[in-house]
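See below for the structure under consideration.
Chains: A, B, C and D, in written order; residue numbering restarts at 1 for each.
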Amino acid sequence: MARDHGATVIRFDNVAKRYPTGHEGLSGVDLQLEAGEMAFLTGHSGAGKSTLLRLIALLERATRGQVWVNERNLNRLSRRDVPFHRREVGMIFQDHRLLHDRSVFNNVALPLVVAGMGHAEIQRRVRAALDKVGLLKKEKVFPVSLSGGEQQRVGIARALVSKPPVLLADEPTGNLDPELSREIMELFLQFNQVGVTLLIATHDIDLVRRLGRRVIRLHQGRIDSDSGAAT
Amino acid sequence: MARDHGATVIRFDNVAKRYPTGHEGLSGVDLQLEAGEMAFLTGHSGAGKSTLLRLIALLERATRGQVWVNERNLNRLSRRDVPFHRREVGMIFQDHRLLHDRSVFNNVALPLVVAGMGHAEIQRRVRAALDKVGLLKKEKVFPVSLSGGEQQRVGIARALVSKPPVLLADEPTGNLDPELSREIMELFLQFNQVGVTLLIATHDIDLVRRLGRRVIRLHQGRIDSDSGAAT
Amino acid sequence: MNGRKRPPSFRRNRNPLTWLLRHAQMALSALGRLSRSPLGTLMTAAVIGIALALPGGLHLLVDNVRGLSTTWQGAASISLFLADDVDDVQAERVRQLVDQRADVAETRLISRADALDEFRRLSGFGEAVDLIDENPLPPVVLVRPVESSTESEAVARIAAELQAYREIELAQVDLKWVQRLAAITATIERGTLILAVMLAGAVLLIIGNTIRLEIQNRQHEIEVMKLVGGTHAFIRRPFLYEGIWHGLFGATIAVLLIVGSLYLLDDSVQRLAGLYASDFALDLADPLGLAGILIGGPLLGLGGAWLAVSRHLSRIEPQ
Amino acid sequence: MNGRKRPPSFRRNRNPLTWLLRHAQMALSALGRLSRSPLGTLMTAAVIGIALALPGGLHLLVDNVRGLSTTWQGAASISLFLADDVDDVQAERVRQLVDQRADVAETRLISRADALDEFRRLSGFGEAVDLIDENPLPPVVLVRPVESSTESEAVARIAAELQAYREIELAQVDLKWVQRLAAITATIERGTLILAVMLAGAVLLIIGNTIRLEIQNRQHEIEVMKLVGGTHAFIRRPFLYEGIWHGLFGATIAVLLIVGSLYLLDDSVQRLAGLYASDFALDLADPLGLAGILIGGPLLGLGGAWLAVSRHLSRIEPQ
């Protein structure tokens, strides 16, 4: 346990998550992600991939063990601090989580508005993010008039726009065609190059294999194999 | 135009769909699916796959041309008849569309309840459908406590439970791991063997190639290629 | 197009027993759904209850006020105070004389004794009146002019003409206290009418608003129902049952509120009734009215639900 | 644990200008959101308006009734009707005599002339009283016993003792009409109190209920806000502004309803006021009260929103 923690961004110490139903979504997980790392999370349906990501973003709290993000022990984080923690962790969801009564622009701007950013800066950043996912033309439309893949990309833009140091993605390419998937992965790689730490849950084994990055495989709530474990 | 229509289940005659925004989701589509056929719909994000499926289930109406399903001209279907049409067309959605305040069992039972089926028959059929997607153990839980893939499978069970003669699926395996995807495809093949007509939108080119079924490729709202076109 | 055969029509399930059973199920499951959010249900029911209790209570009040004022309804608009030396026989002759005028519809004689009695009863002086040795009140003839002569000028003219009679000391257009009571009654009646209209509006708005928000709340549910082939009637039904339950709970609360208020008002009313003897007793405990609220509440709930659902349901289409 | 350094604390934006600007923006965007569903906003505002108008109107009514009854407040509980042959000087002596009793707190003499005046004014007979040649009313001494002797038996005992005086013809415990007026006033006051409590309850319930349903409606929005790092304060703010707007619109409607009702009531009230001369004029147009509603409405809206939001917001956590 006596390693250099300066560069550790995400750290799980023997973490378990037991849901109120009694089901254990995760059991005894030890994990470390260094700053600037990019890792994939794979495993069967129900393996616990989403659960692991949700613990990092504090959408759930661990029932045992400790989760550290950016040197903060999430167990000890007060309720008042949770929003500020979430601003440092961008998350892309399996089910997009867009607001259907706001335009694409306003959806993407949300993390910046919430953080109290100025108007001009918001404009600039949102446009840049939408451009990156190829949806600049659609900034004024509402999410209902977007295809599934387009909604997915709006969700990705929203996670990118505030340039969080940590980016979590839950099957970001599940609804995208192979070409778009590759483009989005390119984008993630670019982000990784400027120092963002990424953890991506995916079923796309081919893509994972092709990129040759660290792969953490979950099986029934436990880490089955981890190609980049430092232990 | 003088072919045998007796076995035509789905038929598009020069169909276009222009959305209120002015965007053309589909343009000049001609298509025929015979009873018992199983076809895949592919194409880039925003190509119009979902739009095409939505026209068949009458979630949208064509702005030009005619759509025929089960020998009924959907343009001429009265509003009163729409629900009955939908009972004959099972649909699986990209975003599951489950009711979060009802148990898995009640979600799957919904099409049968709506059709006024008896209690005992509902029990039998729902259990059978849940068994087929491997979720019999989860019948009492609520959708929130399911993983993304499990929710997807509940959506599939709901579409299967009423044994509709036509089954539409919009990326049914987008959130499933490769093994589960294969199992679900197995299931679709079984259904196809007992005469159900299937039209499946997907990005999973490998899977499509492996099965060797008819593939309809859309590009910007037009049919780009159709491996099984009878024209 | 090219001689296609008529498309097969859809099978519809119309077994009446199934239908009845489904309705019973739906009523119960609507109740179950409401009981799962007891606080919300209670709040909605309480609001409806208050809104129903107020017009209910006002109805009783208006009725009572009407009861009080009918004694004075059709009261004369001219009072002839006869001279002090006119006895009752002469007074009756005066009445008959006046009664024969073409512009007079009706007359009534109040003898000296009657006047004192009425004064005793209404003024509240009670026994104290008996201290007065001699009846100081003159006989009075009340005169109601015919319909066509009820404008003030016509009445004033009649009064002036009658004033000319020797036996008539004073022809006063309308007794002040009759006018006052009529004015008070009119004010109260108009006020309660305004209140009743406002409250009826409130009941409709509250039920409509609640159901509008409920429907918005369950937009997703409605969409999914439509997706799997639910008919409008099927989707509407749970809302209608919820409307009925809300109305019933609201009516129950209204009845409790009215009965509770009566209980709280009881001693004041008792005192009042005692003071006015048989003249004026608030007739508040009206079992028919309460039953009406208990029946009307659910009907109102059903109606409000029907309106709100019909307006909003067709707008929600699955995406 | 192993001597780790204190984790960095989060940066918080506390620029007061930004803060003010954001608040103004939020107030406007809340207004914008409301204006996008005008019917719903109007319905909610109308319900709140009616609920506010009723207690507002009742407040005026109660005030007026109080104004009417203060004339009689502290009225004597024993009235001594003096003998017919007692003149005013003698009457004053009787008053002083009675006033010296230990169990009497206060006395007041009503001379024959005063009694007639008061009778004329209150009975409504008006000019007709002047027809009576001679004043038939005796002088009256009003007696208020000391606090400790106000139970009916004590009062009755005093009355009996006073009855023994030669000059006192009748010692009557309480004038009937004073009792009646007191009873009517008490009944109306109690009734309006019950109504006011019910209506205040209704206002709170309506606002709370509306906001509860609104929050449920926007559960998804709240979840997403929390997901992207919105603080509770940030998420709560739009609801508070909506509460304020709802309250303001409701108050405006309430004021319009009250003013409109006054207009409709105006002629009846005018007639009444005319009949009672300066004695009793409904003082309905109360600009201070209306301003109070316009200020109180938004505050009530803010309060209701705060309560509802605080109760529900923390329960909604993103899934």
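As a working rule, contacts are C-beta pairs under 8 Å (C-beta built on N, C-alpha and C of every residue); 3 or more make two chains touch, one makes a residue touch a chain.
None of the values given here were measured: they were computed from a predicted structure.
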Exercise. Enumerate, in label order, the chains that touch subunit A and subunit C alike.
Key: B, D
Quiz prompt | Reference subunit B; chain at largest CA-centroid distance | solution = D
Exercise. Express in whole angstrom the distance between the two chain centres, defined as the mean CA positions of subunit C and subunit D.
Key: 23
Exercise. Could you tell me the distance, in whole angstrom, between the mean C-alpha positions of subunit B and subunit C?
Key: 58
Exercise. Return the distance between the CA-based centres of subunit B and subunit D, expressed in whole Å.
Key: 64
Practice problem: Indicate the whole-number Å distance between the mean C-alpha point of subunit A and the mean C-alpha point of subunit B. | Solution: 30
Quiz item: Can you list the residues of subunit C that touch 2 or more other chains?
Solution: 319
Quiz item: Among line, ring, star, complete and other, which best matches the way these chains touch?
Solution: ring
Practice problem: All pairs of touching chains, please: list them by chain label. | Solution: A-B, A-D, B-C, C-D
Quiz prompt | Residues of subunit A that touch subunit B when the two form their complex | solution = 19, 21, 23, 42-47, 49-50, 94-96, 141, 145, 147-150, 153, 170-171, 174-181, 203, 205-206
Self-check item: Contact footprint of subunit B on subunit C as seen in their complex
Solution: 2, 4-5, 7-8, 10-13, 18, 22, 220-221, 223-232, 234, 317-319
Self-check item: subunit C residues touching subunit D - in the complex, by the definition given at the top
Solution: 40, 43-44, 46-47, 50-51, 53-54, 57, 79, 81, 84, 123-128, 131-134, 136-138, 169-170, 172, 175-177, 179-180, 183-184, 186-187, 190-191, 194-195, 198-199, 201-202, 205-206, 208-210, 212-214, 216-217, 257, 261, 264-265, 268-269, 271-272, 275-276
Practice problem: Could you pull out which subunit B residues touch subunit C in their complex? | Solution: 1-2, 5, 57, 59, 70-73, 80-81, 83-87, 91, 97-99, 101, 110-111, 114-116, 118, 158, 162
